[in-house]
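In the two assemblies presented below, subunit A is common to both, partnered first by subunit B and then by subunit C.
Let's turn to the complex of A and B:
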């Protein structure tokens, strides 16, 4: 019985993977090889929330057998309307673990390995084991981090080091799916300007002439808290804190005769919650996971490279190719290798930069991740970093460390990896 | 997958890049790199000074504005800048670290400057913020008040406002509030 169901379950998938289609590549080889390539592809899902639940379910039902998932969050009651892998009894448990267990139970033969924690906990060795990374995140910061990590992992001598990144995102009725081939195509940092900024109300409106209940909440959050509870660090998950903000906002709303402040609205404003729509998540997750299937099996061409979805008025989608930014701080100028004498002073090193063929850097400022090596302006910082000029490179940096160099003559920045001779 | 890699190889042959291989140490972050560039492109003039409590941390610094004209001439006003890793998507967080009498700066040091909040865009840079701050001292703006009393004084009684500014800057009391001496 189980045997039959299992065969039926994959019937249509195997159809797609066992015969060439009108769009499949001429030299594509359909059949068992492709199917086993899919089943052995290790894939990472970042985020097990609204999008993540859908993505995990879709990947499992698309034939992926080795799925990993990272999420640092625990399940909240407000997740249950759309994060369908979670039940009321799961509240408070880690999303990654519950989601993994649920999908494993429902789709026999799939292995899902959860990790409860931040993506920043993991290093390049960890990310190197995957073939594809799929993101269902709600934070730009996390997207930027994984993007720059994947870009810096690309090693020109090792094809396996290039990890396609498939990024999904939703906000209310709007969404987006994109495929990023780190260093090859436009990356998240290249497209940073496309994110709409968080709508903000001028501080003076909040402080003096509130017109909406939200303004009263912002006032309580941004001004009253600071005045009256300076020593407490505000925590939006602490009910006592939210309650305090709610009462302060309510008080103010009465003063200005603005009706409508509720506890729920307070939570929404303070945590910057945009209502999530289950069907938007489903549409976007479907787009990202079919890209994962196409990239893993090469059965059809993949998305190049950005699909936007607008569902507020009817249904509208538009696909275009976002371009790589030549001055992108992450993928615009990849680190070049340079061999240096560790006994050379920083000053002498800077002189050699002036003779580099790719850019004669005459007035460079430079740093490593933890150290400002030399900064020409403003004068106070120049003075503070000037003593470094006389130091030897070995006293300032480690062998193999990366430095970033800016020069006013160029709109782009340069990265060098310094290997000691 | 194979297709993608052959694209990579073609691209690489075209560029003949000397790319880095193997494992890398921590990379300079995009926010740090942007701040490094922004700092280099600042125009501070004689009225502004910056200090870096930790020169290796360029994301946190102090700006001192010493206006050489206008009602706030002679004062030294300190602002702390805190740039997070989400810069330039997020604006820098700027606060006045002294208690000063100004219609657009409240007693906690919050600053009402459009480009620090609702009008911030990633194409703006630190120089734009610094110019904006300096402008607040040259042209305090009564129509966007953060310190309502000060704004009211400015609107209704400009001369009285000027006197209040002078005495607040000397560390005096205005409307029952003691201000910080910014004349040094």
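Let's turn to the complex of A and C:
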């Protein structure tokens, strides 16, 4: 066993924590107290994938000693091109456990506690134990969930209840890192419309007039599977299932003379695959952990509050302060305005909520102050409110009326003010 | 452009599955270039003074990690340092058992674990010794240097690489700051720049070729079509139809200025049927939306005009790169037709399947025709310039034609040095004028470079890194070289900005933080990937990252 001199080992890190710099706060006290505050900070990492692996490594080498990580996924072969804590022999094992064990073994003295499961499994008491939460997720839904949870935990009598949320995200050569102080600065929900979902292909195009290879794949996935294999639950990780979709799409493309259906494209469309590489993850993950170090130690000022990065043409970053929105459904106190066509049916309106950048709610239920417009659960209430779906908005609500929308993916209600166009 | 339908399911190989997420960015061609490339990492250049091992080389190792994972062919780490305790606090690719061993060997061993497809070597000799062997450097496609290194080492390495046309990336990372520069050959062409798909559309609506114009006959009964047919006429045909109508009432002229285009847009809008349940027609909406962006006469982008005018394009020899033969053929095409070869892609639009496919075929066959013409010119050039190493593949000419409007040539420059040419000093001086600029950080690193060189040559002792006097003298020296060359003054406020940067560097004694080196390793790897795959557009030529303000900037120095 080699005996390592810890002061020598952490020499560079301790330098920045033991000496004031030209940009550190005048009142900041560097030295042993700052170092021990860092080492005792409990920090949570959400996601042990492309970003998460990097984040865990970076935190361990930034002096954090008590790290927790949550991830529900297992390791797949397509992770190996960037998730550098995993090997071929790890395929099928839980990401959180393998990642935690690897970093613990490599960086002695760091404790990493994995949890294999969903963030929704945990309650406020669990999240309350951490000083900082760092997110490396690929799902907007999970980000919105943790964001609203952390906002709702803030108790103004208790400063410890405010947990800084540092969020990273990547797509191909692009990414962003942002710092959120729940209730104090712009939150994920305030910035929702900056990350608009891709518009869906209209169903009639898929069903009757395909023009692109992707339309043929959507047909196989959304229509042919339902018609021909409705007893099998579709699993996008099952190669036989993807193969079936591919063949069905190929047949349809031949029938319509549309070239270009490939297996790779089929997987991409069905699984909604986002391109991902190690280098972009390295940039964004390190940007988030750099902020974690600054927040935990005050050795330099932290990011206020958003940095975007694009690497397709040179190295481009843009750093700015996203604004907190008074009509944010999570951290604001006003209902968010939404312009709607009064002649639209409630059913059509509900469908648009999935795609509207400011809503992105897939299974909404809604009510006004006086009545329930549509309620998915329990079944009796669903049956009772179902006839409303065919009614026009003008027959259900007044111009400028407020509605409360709930969605099983989130714990809070979203308030919207509907203005007739 | 043969588009056969595959006969049966051909599932992906395990390699395709492993690299799936990146193949969607640079395709099989980029992957092949990556797998054929070997990278040299010079990760240190001997100790700084008596006790220290000098540069930690974390940027270099993290860069390699990001190249090994996607499957680079191979790498060689040159690093004479032995592993010390401070290495274990910043470098993830070392373990406690590595202490006292060769850092080159240990980092190489742990990096190789990441990907069994990649070959890795290590050398504990200094780079200056290895460069004596004339066969050493030519085996690499790219050189990475973790700085600061001794000035003489950097100069001999970068000029040797330049003579061989090998790009060099020189990086430094201290505390919350980092910077890196890319030295590219004098002319570095890129065909696949991957522009935004919208900007690559060339629909030629203002000057349709005969087959496209003839397709209008298919909608001569537009007014009498039933609602279903009317609502499914592709918007391209709608625009062509209304352009003809416009010409009838405008002396045969097309809408040319903004006002006319707005009027034309109204004409198109007025043709939509609104007495239907939807209250309008999607294809007309698409046509209306496309008027302002699609009805512009073709103009050659200035970057392309410059390429056409370059010597390399005009004076072809039997040694000219394929790029220049194709560029020259495309220039001839442009001279003759005043347009570029048609890329042949058609955006998706509301239409019946068969109508869309037949319109798409009109675009595709025109693209094939244009391509055939360019190929013929290329073959003529090849014959004239024979003997050449081999015939240029049709596929390469096709890719070039598809991307012609967006090809790029970077005029590579040497690594920027303060005693370099006037351009560098002028560019630095200009950037200093902006108080928000990060250029003062770049100057801070230059001062660090010279302090390290002086420590390594024995002119200063190791404590100089902690001495305000040494840093302040460095600032004065930098200001001196800037003002004497550019014959301008530098005000006190600017000087204070440079001083603050050096104070932050001094705080770290030249040491790095893992986060910032990992971030820089990500940025540097991104540039390495672009250089090696010759896809997307690399940095030209210097980037500075400021982790205090979470900002970066690019400079052409």
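By our rule, the second predicted complex is superposed on the first by the 301 of 421 C-alpha atoms of A that agree within 3 Å, B and C clash if a C-alpha of one lies under 4 Å from a C-alpha of the other, contacts with A are read in each partner's own complex, and residues count from 1 in each chain.
By our rule, a contact is a pair of C-beta atoms (placed from the backbone, for glycine too) under 8 Å apart; a residue touches a chain by one contact, two chains touch by 3 or more.
Because the structure is a prediction, the values reported are computed rather than measured.
Chemist: After superposition on the shared chain, which partner residues are touched by A:312: those of subunit B (first), subunit C (second), both, or neither?
Modeler: second
Chemist: For A:370, is the partner it touches subunit B (first), subunit C (second), both, or none of the two (neither)?
Modeler: Touch status of A:370: first partner only.
Chemist: I'd like to know which partner A:62 touches here: subunit B for first, subunit C for second, both or neither.
Modeler: second
Chemist: Answer with first, second, both or neither: which of subunit B and subunit C does A:193 touch in the superposed model?
Modeler: first
Chemist: Contact-wise, after the overlay, does A:344 reach subunit B, subunit C, both or neither (first, second, both, neither)?
Modeler: neither
Chemist: With both complexes superposed on chain A, which partner does A:298 reach: first (subunit B), second (subunit C), both or neither?
Modeler: first
Chemist: Output check: A:10 vs subunit B and subunit C. Expected answer is one of first, second, both, neither. What do you get?
Modeler: second
Chemist: For A:87, is the partner it touches subunit B (first), subunit C (second), both, or none of the two (neither)?
Modeler: second
Chemist: Can you name the residues of subunit A that touch subunit B in the complex?
Modeler: Against subunit B, subunit A makes touches at 25, 124-125, 131, 140-141, 144, 148, 152, 154-159, 162, 164, 181, 183-184, 189, 192-193, 195, 197, 199-204, 207-208, 222-223, 226-227, 295-296, 298, 329-330, 334-337, 365-372, 375-381, 384-385, 398, 400-404, 406, 408, 413, 415, 417.
Chemist: Quick one: which bits of subunit A touch subunit C in the complex? Just the residue numbers, please.
Modeler: 2, 4-5, 8-13, 15-16, 19-23, 54, 57-58, 61-62, 77-78, 80-82, 84, 87-88, 106-108, 172-173, 177, 209-212, 239, 243, 246-247, 250, 253-254, 256-260, 262-264, 267-268, 273-287, 289-291, 293, 300-301, 303, 307, 311-317, 319
Chemist: Help me check something: in the complex, which residues belonging to subunit C touch subunit A?
Modeler: 3, 5-6, 8-12, 14, 16-25, 56, 62, 65-66, 69-71, 84-86, 88-90, 92, 95-97, 99, 113-116, 175-176, 193-194, 232, 348-349, 351-354, 356-357, 500-501, 503-504, 507-509, 511-516, 518-519, 521-523, 525-527, 529, 536-540, 543, 547-552, 554
Chemist: Going by the contact rule at the top, pick out the subunit B residues touching subunit A in the complex.
Modeler: Touching subunit A from subunit B are residues 1-5, 7-8, 11-12, 17-30, 32-34, 36-37, 39-42, 44, 49-52, 55-58, 85-86, 88-89, 104, 106, 108, 110-112, 114, 117-118, 120-123, 144-146, 148, 151.
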